[in-house]
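See the structures that follow.
Two complexes come next, and they have one chain in common, subunit A, joined by subunit B in the first and subunit C in the second.
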Partner chain A sequence: MAFTERVKQRLGQSSRNSLGIAVGVAVLLTAVGGAFNRGFVSPSNLLNLLAISSLLGLAAAGQTLVVLSGGEGIDLSIGAVISLSAVLTSQISNGQNGLLLPAVVVTLVVGVLLGLVNGLGIYLAQVPPLIMTLGMSSVIEGIVLVYTQGQPKGQAPPFLAALGTGQVLGIPWLIIVWAMFTLIIWYVLKYLVYGRLLFLVGDNRSAGRMSGVPVAKLVVGTYALSGFFSACTGILFLGYTNTTYLNIGDVYILPSVAAVVVGGTALSGGRGGYIGTVVGAILLTVLDSLLTTLHMGEATRGIINGVVLLVLLSIYTRQPKDA
Partner chain B sequence: MRTRFSSNQTATRIFRSPAMIGWVLFLLGLVANAIVQPTLFKLSVINSNLGLAAPLVMVAIGQTAAVLAGGIDLSVGAIVTLTNVLVVSLCSFHHTGFWLAAILGVAAGIAVGVVNGFIISIVRIPALLVTFAMMSIINGVALAILPQPGGQIPADIYQIYGNTVAGLPFPLLLIIVGVLLWVVFRYRKIGRYLIAVGGAAGSSRANGIPVTKVRFQSYVLSAMFASLAGLFLTAEVSSGDPLIGASYALNSLAAVVLGGTALAGGRGSVSGSVGGALFLILVQNIVYFANVPSYYQTLVSGLIVVMGLATTGVLYARSGKWRLTNGR
Partner chain C sequence: MLTIEGLRKEYGAVVALQGASLSLVPGTIHALLGANGSGKSTLVKMLGGVVRPTEGMIWVDEQRLETGSPAHAIHQGIAVSYQETSLVPSMSVADNLLLGIEPTGKAGYVARRAIRERAAEILDQLELNIPPDVPVAELPTNAQHLLEIGKALVKRPKYLVLDEATAALRREEVKRLFSIVCGLRDEGAAILFVSHRFDEVYAICDRATVLRNGAVVGTRSLSKTSREELIQDMIGQRISLEPVRQETGNSIKKQSLRLKARSLTNSELGGVDLEVSAGEIVGIGGLQGQGQTALLRALIGAILVRGDLETEGHRGLFRNPSHAAESGVRFISGDRGREGVFGQRSIYENIMIGRIATSPLWQRAWQRGKNRAVRDLVEQLKIVHHSLTQEVRGLSGGNQQKVLFARTLASRPNVVILDDPTKGVDVSTRMEIHRLLRSMAGAGVGLLIASSDDEELAGVCDRVLIMYEGRIVRELTGDLQPSHITKASIEGAQSEKGKGAETRADSL
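Here is the complex of A and B:
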């Protein structure tokens, strides 16, 4: 009895353990895929899976920070920001390398500004994050429609396309870019003042405020960062697909939240980290790819995705009895 | 809070009620709509507007139950879809009578709520995640039932829906029935318990309120209203579509917040949510009739909604100790 209680407690509380579970499930899913189809575990396919995960992983980077910042933090506008970023980069650069730099700069600035609006609405006007970012996503979708008049033009400049689909020494560039981002985010969260304060504020805002942490700046800035990462994702997505259409980012909205949670970051804020999200993103991508490999229709895929998510959640997001 | 006793205390209470914001927004929307669309108050126009509004109003009522109890239900849109595809495919492909199909459709929706409630209250997993995963599952089921839009319900059903009964628009009667249904719950033990549990789960438990049971019931209620909404929507559009409910989860939440119900739970009202839902429908109308160029419509309506949300948030924050969110 005491033993099972202890196990349960550890399963419930330690994010390191949920990370272990996520890694285990990802490996298991990959093995299952390999059992059905040898090609699934071939090095090239595994690298390809990682490259696809990198887009979800980057989209979920901002989500991780926002969730860590606490106060029911969540960013549902990342899908719309990704769509807008892909469209902006594609139309401004118009497929020319020379225009790529200004296109990227404009896109990143717009992403940060939209994130700032989210943050201000959430912190100053006290709109719940879920609703604020949701409202903003319809505004941003509106901006996309106005900007493109319903038909996005242009394409990825060759340099960006090479970054999105090319390889170096057999490793896709996307993976390398993602690895760099991961390293930076991990370092920031672990060693920089911003990262440490983010955990403090996420865990207990009043305590943060009383110890003189600039909570307002920190929270608003975190939403701005989420906008920045979404913009990066949109730019790389354009490179990956080479062309763009409306609402390409929508598929990332809820999976990004799922990746964060599956990676062991608590939705209540203050506990978790980006490495877990990386594993979560890989897990979700492998699962989706496995279901496609098994020739499952969209309906079955949706059902199985949901069931797996429920099972994973019931393993490590169980709440204490007297919540 | 200091209370000043005066003869117009009731007026003060109404004015201070969080639901006020939703109704003020609704009235503002109504005036703006009447200006851009002079025919707004013609019976046929009222009828078609209410026909559009009734499903969202129903979903918003159910969502309010879940939110008041301190939870959230993202699966309501999928439940709307499930009821729609089930009723339509039973009617047109399996020759079931409409009313039997309707009962089965609503029962299926309530069953989803039972599963939600079980996992959230007894297995104790955060509601946001459970209902999100359920959304994926139920959307998959709906897609399996009806892979492509199609099918039809008997003509007399959707004719009734678009018609008037005793001089009143039929959808209005449905909305009234929906609100009355809520009132029945609100003023019984369950209604008080919902608010108590959402406000302070620990104290509720200490006072002998069956917290787990109340949480469970809130999701069954939410699913019941959502599946009724699915039924109304089916009568409105008269055919089936596996993606029909997609917008309802988030719109119902927006309606709830615009209506002054705190997402943190424990404070708010259904009447506010009804006002919020009607406001959201009016915004679409206003943007359409104000001749906003078609590419700008999403942007303008989005901006109006965000400003409404910000106003609600600021007013809420200034009204004293209550907050819309735990976010600060």
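Here is the complex of A and C:
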């Protein structure tokens, strides 16, 4: 009796446990990298890894919220919104600092609106999130193609480029921006009504509705927030790469989901958090970088990436389906 | 002949059926009567092999029926049309009709054409004008119930069980069903007809068995039995285990109206008026499925309804449950797992949501002192737990229900609407909940409680409204007795049907 109680209690903390595992694996991978190549653990390389992680981490921020909101929530339009945002900012600003502000405002508004459309389609029209955001994704990619006529023009204004590649006191700006975002998201999830309700509604949407939670506002708003974070990612990505090309965001679609899951957030919603996603994003970036360092071919990298993910997830999910 | 011997079913400590016996004679139609919770549906499910009895046997033509096996029941010639229907919504009409008895070809593959032909034949017999290829989910409710009956008929049963089969049907459909059933009887089948409509029972049945509290009261020949005798059998003399109600709410009663609804109407409600005052507990009784659930949901805006609503500081129907909550109208669902608790979240969060559900989303959720308030509620309601951060799904049903009450109390409601508040909780928790309801009323909250348990309604309510087919047909006040409520529920069914049903009985 006492034993089963203790087991249940331990399993109740499984989301915390999976966070611990993810941190452990990330440290282990870094150590392995260091063993093969001392340069891998040099401060500059570690900071560089973090800076690269920050873009994935930001892309996965919206994904985290959407997955937490439950109802099989997922946002596959993240990649397309990132691509569109980079293109929009670059074309509108045309490389001039003076036009950066309007460019950013327009980009953010468009990102939020696209997320809003996702949310409305999912909540009001009852389209499954997977289908809705996938469809949205191809619509946006089509728009990008028409808007740029296949040839994106312009480049990042100097200010944005500095933000994307510059450093302050040796620390890349990207990391600082990401840290700020992380702090805000952590605070919102932990202390604001929105965050607390997100976990509850994610766990049981019908119960949320019957307890008086404005579920429609909450869920639709969450998809809009995902659009917002994708737009932010696109803008920063432009700063990081300086110029843009078509479909640059595609590489983030599945890794954003992977980062969320590796970070211990349940795909069924209601459990997890953004700190886990941060660790997940770092872990995935370190793994990818390590495999590159080891001069592995594209195919081998893909295989090992997949195996690591599967092993991690099979450890996480070793918990009872129902209590 | 089909004989049931001493069937007993226990669900944990609850005895649903305590040793029921009856026999179905070929060439007759046998009625099974009883109030809510008397064990009718349990008996029916045992015949269909869906529920395995704790004790007892079923004999079919001298052969023992293997209990708990739907396949064996079908093999023995027993077919059941269930009250809640047993159709697969995504499958086609034809596939549903022949589910489990699909005709097979030589190599064992399913003969698609034979299925369609056989299905078309039975649809024809039922005079159902629906194409066999349509998914069941797209059919209207009455067509689904007809299909459920068709699914039983297609098995050409020797023993046909119809559980409240007529409840969802239109008059001409009932007539058609009866002619089919009588035809089957004349061919030598035995039919068990479960219903609460006396007119129908008298129109086609030969004998009737009455169940009360899970036991058989007796089997009577209908030609020698009056309705009053049957009703008396169904009600009996019940001993109340409830303590005498304390009139705590009376002092502030009639001071102010907390909730006033006028002519609520939708597909399930036929114009309901009701009022709940501060400090008053209003019960909603009646036989099961008479629109009680729809009424509660209509009041909080969870389903579409026409009509008018008035609460303190608000006029008009609520758009959704959140809108209702903003006006202090809270709901505790009878479906605790699906619509009540957040199983994977902590006790603390489950209670706290009562306070923050309608707060602006960007506001700070936790403030000092709220912690204390949650702890006080948990202690006040004696919720058994080892930590406030413990997941709610680890609690017992009774404690989960208390968490829902704590949540509701935390929200400081004006009106609380409850659906079956003591469903699946043990006796002592039930008493605690009843005391809690009284003390909420004592504090000026208006309560509206739907319950299928007449003892509960009598024990806890100031007045009880009896529903029948989507309308309130009686109001009981004063000294409430469980038997009065039960009687009114059954009679409500009668008086309401009265005129129309007589002409129907004639035409059969």
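We take it that the second predicted complex is superposed on the first by the 304 of 323 C-alpha atoms of A that agree within 3 Å, B and C clash if a C-alpha of one lies under 4 Å from a C-alpha of the other, contacts with A are read in each partner's own complex, and residues count from 1 in each chain.
Everything below uses one rule, namely that a residue touches a chain if its C-beta (ideal position, glycine included) is under 8 Å from a C-beta of that chain, and two chains touch if they have at least 3 such contacts.
A quick note: this is a predicted structure, and the numbers were derived from the prediction, not measured.
**Student:** With the two complexes superposed on chain A, say which partner A:Asn305 touches: subunit B (first), subunit C (second), both, or neither.
**Tutor:** After superposing on A, A:Asn305 lies in contact with subunit B but is clear of subunit C.
**Student:** Does subunit B (first) or subunit C (second) touch A:Val261, or do both, or does neither?
**Tutor:** In the superposed model, A:Val261 contacts subunit B only, not subunit C.
**Student:** Pick one for A:Asn97: touches subunit B only (first), subunit C only (second), both, or neither.
**Tutor:** It touches nothing on subunit B or subunit C.
**Student:** Going by the touch definition up top, name the partner, subunit B or subunit C, that contacts more of subunit A.
**Tutor:** Comparing touch counts on subunit A for subunit B and subunit C gives B.
**Student:** Identify the partner contact of A:Ser42: answer first if only subunit B is touched, second if only subunit C is, both if each is, neither if none is.
**Tutor:** neither
**Student:** If you stack the two complexes on chain A, which partner ends up touching A:Thr292: first (subunit B), second (subunit C), both, or neither?
**Tutor:** neither
**Student:** So, A:Met210: does it touch subunit B (first), subunit C (second), both, or neither?
**Tutor:** second
**Student:** If I apply the document's touch criterion, which positions on subunit A are contacted by subunit B in one structure and by subunit C in the other?
**Tutor:** Common interface on subunit A, subunit B vs subunit C: 322-323.
**Student:** For subunit A, which residues are in contact with subunit C within the complex?
**Tutor:** 5, 8-9, 12, 191-197, 199-200, 203-204, 206-218, 221, 270-271, 322-323
**Student:** Show which residues of subunit B lie in contact with subunit A when the two form their complex.
**Tutor:** Residues of subunit B touching subunit A: 72, 119, 123-126, 128-130, 132-144, 147, 201-202, 205, 250, 253-254, 257, 263-264, 295-303, 305-306, 309-314, 316-317, 323-328.
**Student:** In their shared complex, at which residues does subunit C touch subunit A?
**Tutor:** Counting only subunit C, the residues touching subunit A are 300, 302, 320-322, 324-326, 330-331, 333, 338-345, 349-350, 352-354, 356-366, 386, 390-391, 393-394, 407, 411.
**Student:** Where on subunit A is subunit B touching in the complex?
**Tutor:** 71-74, 76, 121-123, 125-132, 134-136, 138-143, 145-146, 149-150, 205, 254, 257-258, 261, 267, 297-307, 309-310, 313-314, 317-323
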